[in-house]
Amino acid sequence: MPKIFRKRSEKVGLPPGTLVHIGERKAEKQRITIIDYDETQFQERELETIEESFPFKDTSTITWINIDGLHQLEIIEKIGKHFNIHALVLEDIANTEQRPKMEDFDDYLFLILKMICFEEKDKRIKVEQVGLILGSNFVISFREEKGNVFDPVRQRIISKKGRIRKKGADYLAYALIDVIVDSYFLILERIGDQIEDLEEDLMDGPRQETMQAIHSLKRELLQFRKSVWPLQEMISKLEKGESEMFNESTQIYLKDVHDHTIHVIDTIEIFHDMLSGLLDLYISSVSNKMNEIMKVLTIIATIFIPLTFIAGVYGMNFKYMPILEWRYGYPMVLLVMLIIGVGMIIYTRKREWF
Amino acid sequence: MPKIFRKRSEKVGLPPGTLVHIGERKAEKQRITIIDYDETQFQERELETIEESFPFKDTSTITWINIDGLHQLEIIEKIGKHFNIHALVLEDIANTEQRPKMEDFDDYLFLILKMICFEEKDKRIKVEQVGLILGSNFVISFREEKGNVFDPVRQRIISKKGRIRKKGADYLAYALIDVIVDSYFLILERIGDQIEDLEEDLMDGPRQETMQAIHSLKRELLQFRKSVWPLQEMISKLEKGESEMFNESTQIYLKDVHDHTIHVIDTIEIFHDMLSGLLDLYISSVSNKMNEIMKVLTIIATIFIPLTFIAGVYGMNFKYMPILEWRYGYPMVLLVMLIIGVGMIIYTRKREWF
Amino acid sequence: MPKIFRKRSEKVGLPPGTLVHIGERKAEKQRITIIDYDETQFQERELETIEESFPFKDTSTITWINIDGLHQLEIIEKIGKHFNIHALVLEDIANTEQRPKMEDFDDYLFLILKMICFEEKDKRIKVEQVGLILGSNFVISFREEKGNVFDPVRQRIISKKGRIRKKGADYLAYALIDVIVDSYFLILERIGDQIEDLEEDLMDGPRQETMQAIHSLKRELLQFRKSVWPLQEMISKLEKGESEMFNESTQIYLKDVHDHTIHVIDTIEIFHDMLSGLLDLYISSVSNKMNEIMKVLTIIATIFIPLTFIAGVYGMNFKYMPILEWRYGYPMVLLVMLIIGVGMIIYTRKREWF
Amino acid sequence: MPKIFRKRSEKVGLPPGTLVHIGERKAEKQRITIIDYDETQFQERELETIEESFPFKDTSTITWINIDGLHQLEIIEKIGKHFNIHALVLEDIANTEQRPKMEDFDDYLFLILKMICFEEKDKRIKVEQVGLILGSNFVISFREEKGNVFDPVRQRIISKKGRIRKKGADYLAYALIDVIVDSYFLILERIGDQIEDLEEDLMDGPRQETMQAIHSLKRELLQFRKSVWPLQEMISKLEKGESEMFNESTQIYLKDVHDHTIHVIDTIEIFHDMLSGLLDLYISSVSNKMNEIMKVLTIIATIFIPLTFIAGVYGMNFKYMPILEWRYGYPMVLLVMLIIGVGMIIYTRKREWF
Amino acid sequence: MPKIFRKRSEKVGLPPGTLVHIGERKAEKQRITIIDYDETQFQERELETIEESFPFKDTSTITWINIDGLHQLEIIEKIGKHFNIHALVLEDIANTEQRPKMEDFDDYLFLILKMICFEEKDKRIKVEQVGLILGSNFVISFREEKGNVFDPVRQRIISKKGRIRKKGADYLAYALIDVIVDSYFLILERIGDQIEDLEEDLMDGPRQETMQAIHSLKRELLQFRKSVWPLQEMISKLEKGESEMFNESTQIYLKDVHDHTIHVIDTIEIFHDMLSGLLDLYISSVSNKMNEIMKVLTIIATIFIPLTFIAGVYGMNFKYMPILEWRYGYPMVLLVMLIIGVGMIIYTRKREWF
């Protein structure tokens, strides 16, 4: 199962602002891409060095720098120096064990979000940290590894679909937040489907695997909730205009995203309650199964143990057992046994055992 | 069982304001009806095209446009253009997976509510989204499919019953909200009846179906709560005069509806607690049943196993077993068995087993 | 068991302010009594028609009109017209399925409370709605049926006991609220006694009836809480001077009642927790009982099943079983059986089974 | 077990301000003591009648009147008249079933607190009500019976230890509250010890008494919490300077007491959670014990029942059972039995049953 | 297991401000160290007497006095006198049973924090109280015993790493708080690892030790939570600038620490939920194991008890049992037995018992 909690021991005692990469260190090189656009122009490039992106800072166009991979700390440091980013922010970008949060500085806004995706090969949820820096005309996004979550936004910029080319950098930041939140719904759908499968499974009868499936779904929801709750608080603050980096015309879009996060949270709570319900159902069906088994055992034992005793009595080897000599002894005993057996069956039936 | 969560994957990554119908796509045509009235005049018509309704916008009478069916997105789009509605609102109307909410724009108010009805044929709750746009002299209502929930309001307009013809569009919007909330009580009544049936069932003894019935009632309450909680927040805001679309004279009616939603929520919570109580009762009666069965088994076994052993001893074929030759051996052994049997019965009775 | 939720389906879709009596329709006539007093004068009368009470409205004395029985809607209507009461208030008086609440109008205050009494014959709690209208010099009280809860107040007015004759109509309203809240303590005492009885019962051992008693006490507490919580909110508002109908000198008395309602709520919560504790105790003692039974079964079986097997072996009819011929075969086998039996007893004792 | 809820039925319907003693009526006489001091002088006396204390009211020294025993209502009444105390306050002093609370009047402050002590002889917690009236230069304390909780304060006054002789009546009131809250820690220590004893008990195995001990500790915590929660609210208000009876220099001491009450509440919550943990541990160890017993039963039965059957087969009396005549029949059957027995043991071992 | 609650009975009734050491009294001498630095100079010394530190108070450099061991109350008293500390603060320093809290005085700020470390030898969490006094140019830290938690800060001061030498005493206080909070993550990692180990254990099957491990982890989390919750409240107040002792430039660092405490709390809650999940898993796997055992018992009994009965019948010694004489009696009976046995197996298989 996935680690709920990644090691950050190496950080203990270091002075604040020290860059340490917390997370799974990837061997591959980091990828830096840049998209620069305004209503009329557009260019997209993959950069070799981060320095290539610096000239774009001072143009009037909107610049989106995307960095995939956080283990090369010098890139983060260089960005920090060039864009004048606070040391604590750089530290938070490198340390992927952060709660989602926003921090508002005078000339830029720093956001941490969590991307959640389902890994087909491990059949488990993976949480990835995304750092966003929103300046007046640029957005810098940091991701732990390559992925395609931001592709729809890129497509919209390229194809001029929607308003994105007409709006500012804040709208771009909004669009990135929006696709991340949208991707949560995919995970919810999958979890919802799994819950319904479990429900049908339970109708057939309890199985130990069902229990473990309930357990790991619960765990995934815990992890999910951990990422979404602080996100909701953060977007709520943004939506209420706490940061001046977002124009008023963009705030109505943030309100929309905020509604989505609340919807996600509601659904997580409902799923959580449904899983508790399934647990109750599971436990009750286990104990029903047990009851059923016990009934069979008891019926069999109740009928045959007394009969076996009777047979045992007439199997004793006493010399003087007059009934043994009686011609109708055997049939009489069989008859008595039959009566007792039928009586026991009637008794158990009356008690509604089967 | 019903889907708690409808697929919305197709929406992921689309620019905000893109109209996508989320919900069960209906084959049939959408129905558009219009009711136009003031204190003295009244007309009602079913329209072929939405354009026919546009002239009513500028009259001084109150206009109620009702659209049943949301899959023909061009109708929503046309309304949006003519009534100057924000793209995000139109998107929310088409996407039936929304939380109840209100959004206040300068010249109109947008509300999302959930209609809940019981489907006789599936024996399950169905949740349907209703969108309301309230302008200064018009109300536009969007429903997922035809239904008769709004009929009482229509009747009151036609028959001039109550105040509705003397009041403005905000009163009409209130009346629509009111009938929706009223209909919740019908569902609560039904759930209340089912809970009482379950309670009586449990008095007779536990059955696995009872458990499943408890489970699916719990699930329905979860779904219900999900719809009513945000509704209550929304009406609370309206009642406190957060939107200027509602006159002060209408606010006292909203307070009334608000009381009803709180009553609904209280009742949902109580039902939830009662179902938890039933679950406890169920589990305890299952384990009582088990106890009873085990007692019978133990009594039978406790009495007969030792006796069978004795019979077995005297059934051994040793050559030198003097007691076997004794004339009173058989009756003596029977007597001993009787004493042991009776002793065991007394013992189990003393332990209050039956 | 009592209905948690009374039918109100007949109200769905009716315009607001329509009078519909929700509740158990009583055949008997309504009773109207009037008490009119100030510091020096006093009169009490039972009225035939509500109209007889109208002249009192304009006198300077304090007038208390009490109506028992709500099914004759024309009386409520006439009062509404004469005292100029809002239609929604009249509707709430007739509909006995209301949450306790206050509504402040310019020249009167409307309160809904719940009276709770224990019905000896059904051994169950009964909740009855009381409506109070407090004007500048009158109080109108509406009850579902005749009862003696208000008698102490009447007595105090007649006997001039306490301050009641020197104070205004608001003090009278306070006195009525006070007796209702006081009567809650009687119910709490009864429930507390029942809980203690159950506790003693459980010391003796678990019984299925205990479980059902716990269940129905829990249910009664749910119903109780449902009535008291909103009452507490309402009195809290009054005590803080939210309505001008209560003089400042009366507010200190309301603070006293408020303390009582909080005490009631605290006690309900504690009772609820105690019942949960009893449930745990019950379940644990059921499973202890089960354990005890299983131990007896296991001990008997563990001792005798091997012995019976041995007896069975020597009961086989093989021709060549040398031991059978041996003179000391029988006593030796009995000895072996004794050793095995005693060994088994020692083994089970060591495992601390008994 | 102790009554959670004392009878107050006799109060129902009485006018507010009527003095009724609720509590266990003590036969013995009430004891009135007076301590009068300032920085230089000190006197302590036991009074015969309450009237003797009245002259002290108007001196400039600080006067502490302590009344032990509340059943002689005329004393309370006389104090009320002389010190000009509101009738509702007197009523609350006599009625020992009050929640802790403060009430601020213009020239005095009224406080209700709960003293909690452990009664050695009944092995149970006892809750006793303390009423405090704080005037500008006097404190009147009312207790249900004699006790030594206030002794340390008395000692400090006599011995001039600490600041108490230099400070005003408010500091005296603080000192009394402080010793009461301090005494809570004694009870917590005792409960903590009991919980640890229970924990060790459970390591040895489950016993029914353990369960009952858990249950009654839970109950005591409920009672404790009921007394401390409102106390914390009350001290919080005082500490924030809501009453002018406490000087600013005393408020920092109240903050200290407030920290203590919060510490008490935290500890109660933790104890509550620990008891729930013990309950889980108990239930799980009961079911482990059950499992162990069932395993032994099943192993015995699984091994011997088939063998007994085989023995039974060869004990049948058919005339033509060729194997019986066979010379090696008996040893062969014994061998088969041995193989089956050993096989069964291996099978159960493989399933990790023992 | 560790004491959740240390004795403080000796304090009851003492006047406030009396120094009493609550905690485990250590025999060894207290250690006093002093570090004095500014951007250019640095000195570190171990002091024999506390008086040696007093001259540093009035220099312009930043002075950090660290006291390890609290049992020598005269040191605390002397510091109190020289630095003019309130008596209640000194009392709180000596009494190690305090909740984390802050208290703001005019010229210094007093903080209580809890250090949590894992003791290898007892395999348990140990909580240690740390008191901090922050003045304008000095920090005094009080610890219960020697330890190395503050070493990284000392190192940073010595090596001039980070900003610490350039900043004021408030930054030093922040740095100390920061290392304490950082050390929490080490404990969380350890607990997280233990939870994952338990999870894997449970996959193999339930064991009684697992249950006890779950129980003691839960207990540790309770203790942990008790220390961190009030800490979070305290840092939240500091971060919002409630005390003027912290410069605005340091507040952003406090915000960072605050994020960490919230992260710790989140993780504690998640661990708590995971442990509850493990408990459910444990209980369900215990009852599954039970079910499995019962099935084996029932199958064996169901198959062989009827067969044994049949064998018993033909072992009876009646004289007239014609079938016994029949040549094919024996094989026929064996056949019947076989059919019954196979029938029983088919029956149990159909019921999906194995």
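List of remarks:
Think of it as A, B, C, D and E in the order they're written, each chain with its own count starting at 1.
The rule is simple: a residue touches a chain if its C-beta (ideal position, glycine included) is under 8 Å from a C-beta of that chain, and two chains touch if they have at least 3 such contacts.
Every value quoted in this text rests on a predicted model; they were computed, and no experiment measured them.
Graph distance from subunit B to subunit D, where chains that touch are one step apart, equals 2. Between subunit B and subunit C, the centres computed from C-alpha atoms are 26 Å apart.
Inter-chain spacing, taken between the CA centroids of subunit A and subunit C, is 42 Å. Shown for subunit B are the residues that touch two or more other chains, namely 283, 287, 290, 294, 297, 301, 305, 308, 312, 315-317, 321. If touching chains are joined by edges, the resulting network of the protein chains shown is one closed cycle, each chain touching exactly two neighbours. The ring of touching chains, read from subunit A in the direction of subunit B, comes out as A, B, C, D, E. Across the interface of their complex, subunit D is touched by residues 1, 3-5, 7-9, 11-18, 86, 88, 97-99, 101, 103, 205, 208, 211-212, 215, 218-219, 222-223, 226, 279, 282-283, 286-287, 289-290, 292-294, 296-297, 300-301, 304-305, 307-308, 311-312, 314-317, 321, 324-330, 333-334, 337 of subunit E.
By the touch criterion given at the top, residues 151-153, 155-156, 161-164, 175, 178-179, 182-183, 185-186, 188-189, 192, 195-196, 199, 203, 252-253, 255-256, 259, 262-263, 266-267, 270-271, 273-274, 277, 280-281, 283-285, 287-288, 290-291, 294-295, 297-298, 301-302, 305-306, 308-309, 312-313, 315-321, 351-353 of subunit B touch subunit C in their complex.
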